[in-house]
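Across the two complexes that follow, chain A remains constant while its partner is chain B and subsequently chain C.
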Partner chain A sequence: MSESLVKIENIRAYYKLKNREVKAVDNVSFEIMENEIIGVVGESGCGKSTLSNVLLNNIIKPLTIVGGRVLFKSNGEYVEISSLTREEVRERFWGKEMSLIPQSAMNALMPTIKLSKYVEHLAQSHGIPKNELLKKARKRFEDVDLDPQWLNRYPFELSGGMRQRAVIAIATLLNPQLLIADEPTSALDVVNQKVFLKILLEMKRQGIVKSIIFVTHDIATIRQIADRMLVMYAGKIMEISPVDKIVEKPLNPYTEGLLNSVLTPEPEIKKRGITTIPGTPPNLIEPPSGCRFHPRCPKAMSVCKEKEPKLVEIEPQRKVACFLYSEERA
Partner chain B sequence: MISKQMLKFIGRRLIFLLITYIVATTIVFILPRVIPGNPLNQILSRLSQVAQANPEQIRAAEKTLMEQFAFDKPWYVQYFDFLGNALKGDLGTSVSYYPRKVLDLVIPVLPWTLLLLLPATIVAWFLGNSLGALAAYRRNSWIDKGVLTTSLIVSQIPYYWLGMIFIFFFGVKLGILPVGGAYSQGSFPNWSWSFVLDVLKHYILPFASIVVSAMGGWAIGMRLMVIYELGNDYVRFSEALGMNDKRIYKYVFRNSLLPQITGLALSLGGALGGALITEIIFNYPGTGFLLFRALTSLDYPLIQGIFVILIASIYLANFIVDFIYAVIDPRIRLGQEE
Partner chain C sequence: MSRLVVKNLSKVFSIGFLARRNVEAVKNISFEVKEKEIISLVGESGSGKSTTAKMLLRLIHPTSGKIVFEGKDIWNDIKTNQELKEFRRSLHAVFQDPFASFNPFYPVERTMWQAFRLMDKEYSKNEALELIKDSLVKVGLDPKDILGKYPHQISGGQKQRIMIARCWLLKPKFIIADEPTSMIDASSRGGIIKLLLKLREEQGTSIMFITHDLGLAYYVSDRILVMKEGRIVEDGNPDDVVLNPQHEYTKILVGSIPKLYRKLEDI
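Then we have the complex of A and B:
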């Protein structure tokens, strides 16, 4: 049994506006184990990106951590990064312990200098000899199937897929333990997506990165890559389970709705076709009472409106927040 | 450092410049001729006053002058003569300063204009961009608010009005700086310390009026550019990789500066117009002053001559700016392959 790399405990991260609060991440707890890939899914505006900012402790006003804590395992002991300032975490962890592949990774490279120069600047920032990191970059470029010659080029000379691979290579240069990929595949065509996912898996297999948290709204990619799936809705975790189990039998009606809205190869789903969840995610300034999904939920009961379901383990490794599986129903 | 691509780029720019130069000189040739009036009138009326000459003599004088300036020939002959002579370095004879050569009139005043215009424009550009970037890095701080407000106010003040305010305040009220001219009356240009100091003293006000009024616009533009660049993905990515702030600011500054360099090239022409008026206000012996005299007396050859030289120097500056741009931005240099 491996240990957890990151522990997120009752974290609440709100965007504090003048006289309102947007509860983007509300009382969320989970753990990222060592050597695992967690896929985070949910519709747009469910707090997925905020969650990745919380993990990085990339807290810029108006985003504020209202409660809870994030523990990150570094050199064998847990550091409460949520109690440090953004600058402290940035100094100590970013690039070295945790790294990010941003949304639209294609534009993530500094456009007007050569990639090799960028790597040199990175080495300077971290106090590493330039040649050492350049050598490593050449090796890493080969790992992601890019000719190291491309290091002597400008980003705009590379194609979209190549740039994406260059971004992975550079993001993992310092062997971070945690890699946060924030919707990295949304701008790629299907072939490049496949290549990209393969590279991520390979990076993990080789131990270059320990754990990956993969944020996306595309369930199909998560099925291909993740060990566990975390379903978010309106700032809350609805369900967290191993991917194969969740796909086989989703517990939360929201998860079921999400899965039914994508085309998958199983014959029965082909027959049934795809359906959508009616309505849109709620306004997070004044979220619905009780279970936040109840206004859209096909199986809503009276209790759903009044009480908030807790995230409970109902089978080994399977946690769900829904009154359908709780004794409290009735 | 200069590659084959670079040479190709320069060659292309040069051809382009030559074409625009011909177009510009054509316009300069046409424009003064559209203004109603006869350039010879002034000379002739002076002649009639001084010499008390009879009408026939004046008509004869007009005829010789017409022939000498070739104003009697069809416009296209005049045009090609003008182009041909200009290429040979002969810009003709001035009408109002007859019989002095245009070139002899322009060459001595040109350095004064360049001395005023180039440093003022570059200093304004540099200061404005630095202030704008600083404001953007410290967004919403008091520095930002101060820079933005003063820039907005200052950029709307016409430079000539600012010049007059300066003259009134520093020259008349306080009396610490001279109100006009490039050097004290009675002294002659030389390289002695006292003369250089005298020139500097006369230089401050016109220089400051151009710098202050031009700076605001640059600061506002740069502030917006930097704020936009700071929101870019490469900034977020670099931060997440632990790149230090100083380096990221350098990236942002560099990328924000690129459009500002184009802006500098574009503004040189406008700045020249501004400098011309500033020269008139400050009684500064530059091309603006000379052009003013040429325009009021409809001195075709002199007007043409001044513009031919000014346009050439602006194009030269533009070319240099283009070159710098290509050095800084690889996308311009390499992107023209296709």
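Then we have the complex of A and C:
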């Protein structure tokens, strides 16, 4: 059994506005193990992207950490990164220990700044000789199937798929332990998506990165690469389990609803049909009482409105927050 | 009987100001669509699928080839305004972006009132309102929630449902649905698809989906046409196209799509 790389404990991260709070991540706890790919799914606005900002300690107002802590294993001991300032974490951790591939990464590059500049900047901020890192970048570009000469070009000269590969090559130059990928494939066509997933898996196989947290709304992609799946709804974790088990038998009715709305070209999908989850995700300023999914849940009981279900382990490795599986039902 | 016959259709765009360049967006495609049939035109961006849709809707002129709808060549046999009106009523579109289909300055039911302009029969205001309400109920919307609302007050899924309600009013014979579900949440996508299937069941409507989503095409269609660089490279029933693709491009496409129940072998 490997050890955990990151421990997230009762984290609450709110967007504090003038006289309101948006409870984007509310009392969330889980661990990211070493050598694991964990997939985070949920609808738009469920707190997935906020969660990746919390992991990076990229906390910029109005986002505020209201409670809980994040521990990151660095050189064999756990550092409480949530108690450091954003600048301290940026200096010590970003790029070296953890790295982000942002949503629409292909548009995150400034079109008029040469790719080599990004590498030089990285070298400068970590006190590494520029030439050494550039040499490494050329090698890494080859690994992701990009001609190293592209380093001397401008991002606008590259296609979307190539830019995405350039981003992952540069983001992993310092071999970070944790790679956070936030919707990295949603802007790519399916052929480039697969190329990208292959690169990601290859980087993990070669040990360039240790663990990956992959945030997306596309369950089928998670199914292809992740070991465990974490399902978020309205700022809460609804279920966290090995991917195979979730696909085989989802426990939380929300997970079941998500799975049943997946439309992939497979005979099983045609046979089972697709269903919809009625209603829309709640407003996180005043989330529903009890279980936040209860107004949309087909299996809601009276207790769901009153009490909040805890995330409990009901089978080895399977945790779910739902009264259908808890003793407190009555 | 074939409702739509497309024969040797091509479209060449000339682009550039000084140095003119020709781009062949659609290259000599032919297919037929029967009554009550659902077909999907699948391809990536730039494959020519939207250009084909625009030609079928009589929005852009083909460079060569014929489009025959219900026995009439849509570019040569439609001459009077009356004939054009009838064509617009029988061949209808549901577009990708429900946000762009509504004018933000008017209540949403305006798009429904406008549909009456395409009808031959004159309705009194009250009769028309009743028809609008009926069609909203048909698509699972409560008229109370919709009438009088402005576009920003309703969700994308509701907007797309209103566009389908318009189809219930006009009862077109053929619907071209251009990426109808790509901009709405996955959790409400199934509802939109079911509505279109219900329309086909009850009215015998033929539907053509224009999409890049092979999962959607596989689920809804009687036939799938795969387009690549302006050509139709594969044409067959969904099970053959998806489970046993023949063309190299379809093989790559099917092999790249992440699946839920099986793992891709080569990643």
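The working rule: the second predicted complex is superposed on the first by the 325 of 330 C-alpha atoms of A that agree within 3 Å, B and C clash if a C-alpha of one lies under 4 Å from a C-alpha of the other, contacts with A are read in each partner's own complex, and residues count from 1 in each chain.
The rule is short, and it goes like this: a contact is a pair of C-beta atoms (placed from the backbone, for glycine too) under 8 Å apart; a residue touches a chain by one contact, two chains touch by 3 or more.
None of these values were measured; they are calculated from a predicted model.
**Student:** Between chain B (first) and chain C (second), which, if any, makes contact with A:Q103: first, second, both or neither?
**Tutor:** Only chain B is touched by A:Q103; chain C is not.
**Student:** Where does A:G95 make contact in the superposed view: on chain B (first), on chain C (second), on both, or on neither?
**Tutor:** first
**Student:** I'd like to know which partner A:L259 touches here: chain B for first, chain C for second, both or neither.
**Tutor:** Second partner only, chain C.
**Student:** Considering only the touch criterion stated at the top, classify A:L56 as touching first (chain B), second (chain C), both, or neither.
**Tutor:** Once the two structures are laid over each other on A, A:L56 reaches chain B alone.
**Student:** Contacts for A:K194 in the overlay, against chain B (first) and chain C (second): which applies, first, second, both or neither?
**Tutor:** After superposing on A, A:K194 lies in contact with chain C but is clear of chain B.
**Student:** Kindly classify A:Y154 by the partners it touches after superposition: chain B alone (first), chain C alone (second), both, or neither?
**Tutor:** first
**Student:** Is A:V247 in contact with chain B, with chain C, with both, or with neither (first, second, both, neither)?
**Tutor:** Touch status of A:V247: second partner only.
**Student:** Go through the superposed model and pick first if A:T112 touches only chain B, second if only chain C, both, or neither.
**Tutor:** first
**Student:** Can you list the residues of chain A that meet both chain B and chain C?
**Tutor:** Touching chain B and chain C on chain A: no residues.
**Student:** Under the stated contact criterion, what part of chain A meets chain B in this complex?
**Tutor:** 56, 58, 90-91, 93-96, 99-100, 102-105, 107-114, 121-122, 124-126, 154, 156-157, 167, 170-171, 173-174
**Student:** Quick one: in the complex, what on chain B touches chain A?
**Tutor:** Residue list for chain B touching chain A: 232-234, 236-244, 247, 251, 254-255, 258, 328-331, 334-335.
**Student:** In their complex, what parts of chain C are in touch with chain A?
**Tutor:** 44-45, 155, 185-191, 193, 212-219, 238-239, 242-243, 252-264, 266-267
**Student:** In the complex formed with chain C, which residues of chain A make contact?
**Tutor:** Going by the criterion above, the answer is residues 43-44, 189-191, 193-194, 197-198, 201, 217-221, 223-225, 247, 257-270, 274-277, 280.
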